[in-house]
Each structure stands twice: as C-alpha cells, then as structure tokens.
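Reading through the structure tokens given below for one structure.
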Amino acid sequence: MNRKERIRRCIAKRAAQELRDGDVVNLGIGIPTLVNDYIPSEITIHLHTENGMLEVGPTPPPDQADPQLINASRQPISELPGASYFDSGLSFAIMRGGHLDATVIGALQVSQTGDLASWAIPGKPILGVGGAMDLVVGAKRVIVATTHQTKEGEPKLLPKCTYPLTARGEVDVLVTEHAVFRFEEGKMILVEIGDHLALEDLKSITPAEYEIHPHLKVVNRWEGLEQVWEDPVEVRG
Amino acid sequence: MAAIRKTAEEAVRLIRSGSTVMVGGFGLSGAPMRLIDALERTEVRGLTVVSDNIERQSLGKWVQAGKIKRAIGTYFTTNPDVVEAYHAGQIEVELLPQGTFCEAIRAGGSGIPAFYTPTAAGTDLDKGKEVRYFDGRPYVLERALRGDVSLIRAHKADELGNLVYYKTARNFNPLMAMASDCVIAEVDEIVPAGSLDPEAIVTPHVFVDILVTE
Amino acid sequence: MNRKERIRRCIAKRAAQELRDGDVVNLGIGIPTLVNDYIPSEITIHLHTENGMLEVGPTPPPDQADPQLINASRQPISELPGASYFDSGLSFAIMRGGHLDATVIGALQVSQTGDLASWAIPGKPILGVGGAMDLVVGAKRVIVATTHQTKEGEPKLLPKCTYPLTARGEVDVLVTEHAVFRFEEGKMILVEIGDHLALEDLKSITPAEYEIHPHLKVVNRWEGLEQVWEDPVEVRG
Amino acid sequence: MAAIRKTAEEAVRLIRSGSTVMVGGFGLSGAPMRLIDALERTEVRGLTVVSDNIERQSLGKWVQAGKIKRAIGTYFTTNPDVVEAYHAGQIEVELLPQGTFCEAIRAGGSGIPAFYTPTAAGTDLDKGKEVRYFDGRPYVLERALRGDVSLIRAHKADELGNLVYYKTARNFNPLMAMASDCVIAEVDEIVPAGSLDPEAIVTPHVFVDILVTE
C-alpha cells in the first residue's frame, strides 16, 4: 500500500465510524467507496446505489462480475438478501426525499459554512454533475470524506469555496486524514485531531475559520493502518 | 433502518392527537383495517386524515368517534356521515382531483415541494391556487402532501420491510409509504429476507419503519 | 329490461363504436361501464382502471369475486392475460400523461364548446371529485356517453355549463340516445341522428348551438335493442 | 395499442433528422446497443439526445458519426470525444443534476409540465432558472423533458409489450418509456401474454410501441 492509498484508507476508516447501526447509506465515488471496507463489525448498514438498488453487496470475484449489475461508480457489485431494484426516478426520490440516513461523499472544496464543491474545476473540461447534488441536498447526514489538501498541497477547507458549488450549507461532518469537523448552525467545529500534528499545524493548512470543541479528541488516526510519516511537516506537502 | 415489528396496538400508540395521518386504500381494497380499528380504540383526536375516501366500514369509524378534524382526499360522497359532519362544521374537507392527490403525495415523498398540473385548471378546484401558462396552456400549482404517520396495507413484507402488494389493493399504499415521517405497514405475512423477488419489490425497505401482522 | 335501461344500453352500444382496434381505454362510472358489453367483436380493446390495473377482465361470477380486485366503480373484476398492476401514481401518470387512447365518461352537462360538468350539482351535498378531471384532461379522445336530458327532462347540452366544470373544452365526441356530436375547433357538430326523431325535435331539446354535418347520418339507434318508444314526444319527457 | 415487432433496422427508420431521442442506460448497463448500432448506420443527423451519459462504446458512436447536435444529460466527462466536440462547438450540452434529469423525464411522461426541486439551488446550475422559496427554502423550477422517440432496453417483454428489466440495467429505461411519442424497446426475449407476473411488470404495455429482439 503506497502512501496515498494509506491516507485514503485512514480517511475512509474514520468516516465509517460516523455511520450508525441500521443506516441506509449511499457511498460516493473515490474515498467514500472504501468506507465499505471499514464498517465496524457490530453494526449493519444498508447500501443504496443511485442507479437503482438497495442492499448492494460486496465486489464479486472477477469471473462472477455481471456488466449489467454495477454501482454508480460503474464497478461490478453483488446483491445481498433483501436486495431490491428500482428505476432511477424512485432512486432519486429516495435521495432527494430525505430517506437516506447518510451519504459519504468526496470533495474538491468545503467552506466553513458547510458549502460543498465537488463536481467542477474552473477551466477544466468537466461536462458532468451526476447525482452528487441530489445526494447532498437530500441525505439526512452528509459526511464528506476527503484529503485535507489537494495533491498540489492547496487547501481544500476554505472560508468560501472558489469552485462551482454542489450544494450550500449541507455538509454535516468533514473527515480528513488530519481531523474531523462538524457543522452546526452554520459554524465549523473541530472535534477531533490526529496526534501526528499540532493544532497550529492544522491551522496553517486550514484557511477555513473553525471553532475548537471544548472536548476536542486527540487520537491516533493511523491505528490499524501502517504509519505513513513521522514528521507532520511532510503532511503539508 | 430495517423495519421493526409491533402489534397494531403498539404501532398506533405512535400517533398523537393533532397529527396528520395518511391512510391507504381505495374503498375497502387495500385499506389497513387492523390499524384503523386499533386507532379507533385510542383516545387520539383532532387528526388530519389524508385518504382517497372515508368508507363507513373503515375510516368512517374515526368520523363516528369524532377523531377527524380535517380530511384531504378525492371522494367522500360515498359516506353520508362525512357529508353530514362537513355540513355540521365538524370536519373540514379539502378535495383534490385524484391524480393531483397521488402526485402531491409522491412529491411529498420525493423532495418536490410543488408541481404544476393541467388537471382542474379552469374549474372550481383551481380557486385560490396559482394558475400559470406553459406553452399556451393553463396549469395549476399544487403543493406536496406529507404526513406524520402513514398507515398502509401490503401483501407480503420481508424481514427488512421490503413490500409487495396484492392486485388492485396496491393503489395509494406505495405512494403513502414515501410521504410520512413514520410508515406503519400492515401485512398478511412476513417472509425471510431474500425470499421476495428483488425485481418485484414495489416498496424498498428504506421507506418502511414498522411492520404489523396478526 | 326497463325503458331507462334500454336507453342506457342504446347509448353504451353507440359509444362502443367510437373505439378503435387496439385502443387502451378507461370506462367511467354509469353508462360508460356498459360500453364493455358492446365492443364490436372484430376489435380488441385494452381496459385500464384508474385504481391501478391494465387489462381488466369481465365481471367474475359472484362466488369468484375478490373484494381486493375491483375497478374504479368498486365492482369486482377479473384479470386478462397480460394484465399488470401499478400504484395510483403511475395510473394517473398514464391518464394525465396522454397515454390513454380514449375514455368514455358520463356527464351532467356538456357545453357547445366541449366543456364538461360531471361531478357536482350546486346545492347538493357532493364531496367528491374522484378521477374524472384527470381522465378528461389527459385522454387522447374524450367520449361522453350520457342521456340527452336529465331524469326531470332538463336539457344537458347547453350553450354554457351551469354546474361546476370537470374540464374545459376537452370533449371530443358526445353520444346520447338521440344523436352523436363531434367537437372540432371549438364547434359542436351534429354528425348522427336517430331516425326516431326529427331535426326540429332534436333542436327543441338541445339548447346548445351546433352545426349540422353535411353528411349527417340518420340511423336506427335501436337496432339490436328492443324499441322503447314510438312517439318522439315521449322522448322529451 | 399492443406493441408491434420490428427489426432494429426497421425500428430506427422511424427516427428523422432533427428529432429528440431519449436513450436509456447508465454507462453500458441497460443501454439498447442494437438500436444504437442500427441508428449509427442510418443517414439521420442533427439529433437532440437525452441520455444520462454518452459512453464511447455506445452513444459515442453517434458523436463520431456527427449525428448529435445537442445532448441533455448528467455526466458526459467519461467520453473525451464529447468534451472535445463540445469545446469545438460541434455539440451543445445541457447538464442537469441526475435527480432533476430523472424527474424531468418522469414529469414529461406524466403530464406535469414543470416542478420545483431543491437540487442545484444556489449553484451554477440554477443560472437562468426561476428560484422560488417554499417554507423558507429555495427551489429551482425545472421543465419536463419529452422526446420524439425513446430507445430503451428491457429484459423480457410479453406479446402485448409489458416489460420487466434486469437488475441495475433498469435505471432510466422505465422513465423514458413514458416520455416519448414513440417508444422502441430492445428486449432479450418476447414471451406469451400472461407469462409475466402481473405484480412484477414494471412498464405496462400502454407505454410501449415497438419491440425489437434479435
């Protein structure tokens, strides 16, 4: 597992802990897809995919993959007992109508007021919005799972998004490799920080303004995952 | 959340006085009779009922028991008690064309707050509603309907709460399953997860909170 | 068969001739329900009922009636091969969305511009509108099947409806025991008259203004049905 | 009208240059490949295509053949040919959020000319659209979508044209079956009327005009 993959898995593992027993959940493309590997064993979640299925099962072995049975990331999936199929109209009625307990979704940028930008970068030839807007506007809890910075080391957590928005003020929880933030009444609150970096280090890579929760947790974010660096400075790069 | 099982009596205890309750069924076909009877035996009052009709042998019992403050539906004429209670000022009535009624419930369950329909444009039922022209034709703006609780009737459920229906007893039930904060489904039988055809499930379990059998 | 029933059947039989092979049709309550008994044997029609079924079959024998399998008139029905069940939302999408080839529906009043009044009488305790408005606004052809006058001998075919409307300008064909009218470009046109009454007799019981089609057909409306009167004067009573 | 049978070649002859064509499928799952290929071999041009996406191996062939004037969908980024044709001014693109796309098609098939949705309110995709507040929250007015012809893919049809689908290949197909003047369904198999479970039919035959198999 390379460093990038370890970071992705660290984020996915922590995001999985935000889910609750019995939740019906839609996992977005990218890091959120990995969340399924880290669902705590004591809870059951029910996976929805927006192309029209509930009770999505694990990725099948390649020789059992059915090109007609795929998830929204277009990867082969399997069906669990109690699975159901429905058209995309009912699927988005589930999403937009507030019937999903949670969604875990990626981000390009998140603002301190809970705005999310996840579908377009100005100047890049992006011709797609997909289902993200409906997911974020409809799910009861929106859990963003993203690296703290871009590949180029640019900040993603900003006072205001500069990229086109997916939705305004809908983010409830934001999980990165360094920290966990909650959004309450328009405010961004740091509730957990990795013990691999100091509060000032976090501040220096987080232009968004946030409060620090009085019961801030300091945790080893890499427990169960191979440690990927010693020096928090490397984190910033 | 997978659906949980309760008796009819336990289930209707979730309904508070003053709530909006959606009730499935067209005539007696597809009406959740056990839940209707169980609620009749409670002290709940002042309900807003969303139901296509109010048959004497089913929801009419709630009229008799003075539980209904307001009824939203399409056809109450079949029950003289409702007509009488309306004229006596005991029940408020809101009549919608049946297609608008369906669409408003589906919208309520689908995150759509309002929609335009050609139905009722230029009739008495567009009174007080916005009428707007699209491509030269008039349409009425209708608002979504939602309930606090839906009482529905299905044929079989699996353990998770997936539902299939029986013939024309399906009617409004799948729509009402989408449109309330709490959905209570009365079913003939509960079968193990995996025993219903995944292609034939009409109401996925995400919509269903409580299952009631005998 | 009493006189009233013979008149109802005369109307139903003629309305049935307006249907075309392959039509998907919804039959309203009352006289329209009888249309099913008079479908010409050389054509097949597909019956829809708005409470959620296509391919409605004939009334079953009483001992096979299933109280859960009913039509919109709440009468027991049966299912034909190829039948399907759907929720009321899809059923009204079929109706309002223009997917029905025709509906046959009753009337309290019809205006010369094709307005229909069929659900309420001022001053009567009517608390129901049902599915008629959606049917009439959506079906490709609206065939009204009604007695020419009320039980009390009041005219039903008027310059303007005085009862609350079901829909404006949606009627395509109007079939009574005396005549058949078509509505084209806002005009009402007499296309067929029974040979049991004269044009003036028809005029005297029809306040609506109508044109007479250049190829007006004069037909025996009672063929195959027992003759119910000799004197057209009786018709008016 | 019960559906009639045609070959793919006969069926696509109904499509005229300049038409609006809805095409089912999410990626390659549920895409009507035989119909797509048959249309590629015609001289038809100037199409408006309503499709969630335009995969290189399916509708992308129409892009290559210069048949598409305008594309309405949700996610075209997967095909660089579309992105290139867009930037070269060869194809107009209208992007909708996927839920809005679905709802607009369903509305088009259901006689609903327009509806309000919370999705995209306050984003770049509400530009030029009416935004209206209901109960203090902003919603975007979206218009229905309709096609001249829908090309859809189902699993089995009965002789009348009733359709059932296969797993996630269902996706947009049942919606598009409602929303065009002419609906052509490519199916794996046609079975006798009465052999599909009446409770499990997803698309009643009233929506289907033409069936295409091998």
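The letters A, B, C and D name the chains in turn, as written, and every chain counts its residues from 1.
To be clear about the criterion, contacts are C-beta pairs under 8 Å (C-beta built on N, C-alpha and C of every residue); 3 or more make two chains touch, one makes a residue touch a chain.
In this text the structure is predicted, and so the values were computed from the model without any measurement.
Under the contact definition stated at the top, the chains bordering both subunit A and subunit D are B.
Placing every chain at the mean of its C-alpha atoms, the farthest one from subunit B is found to be A.
Chain geometry summary: the mean Cα position of subunit A and that of subunit B are 36 Å apart.
Per-chain CA centroids place subunit A at a distance of 58 Å from subunit C. Computed from the mean C-alpha positions, the centre of subunit B lies at a distance of 30 Å from the centre of subunit C.
The set of subunit C residues that touch two or more partner chains comprises 79, 85-86, 92, 95-96, 137-138. Shown for subunit D are the residues in touch with two or more other chains, namely 103, 106, 110-112, 117-119, 165-167, 198-199, 202.
The touching residues of subunit A, when paired with subunit B in their complex, are 22-24, 44, 46, 48, 54-55, 79, 81-86, 90, 92-101, 137-138.
Chain contact summary for the complex, subunit D toward subunit B: residues 103, 107, 110-119, 134-135, 137, 139, 143, 164-167, 197-200, 202. Residues of subunit D touching subunit C in their complex: 1-2, 106, 109-112, 158-160, 162, 178, 192-194, 196, 198-199, 201, 204-207. Residues 26-30, 52-53, 74-78, 82-83, 86-87, 93, 95-100, 102-103, 105-106, 117-125, 165-175, 202 of subunit B are the ones that touch subunit C when the two sit in their complex. Of all residues in subunit A, those touching subunit D in their complex are 49-53, 66-72, 74, 77, 79, 85-89, 91-92, 95-96, 120, 125-134, 137-138, 164-168.
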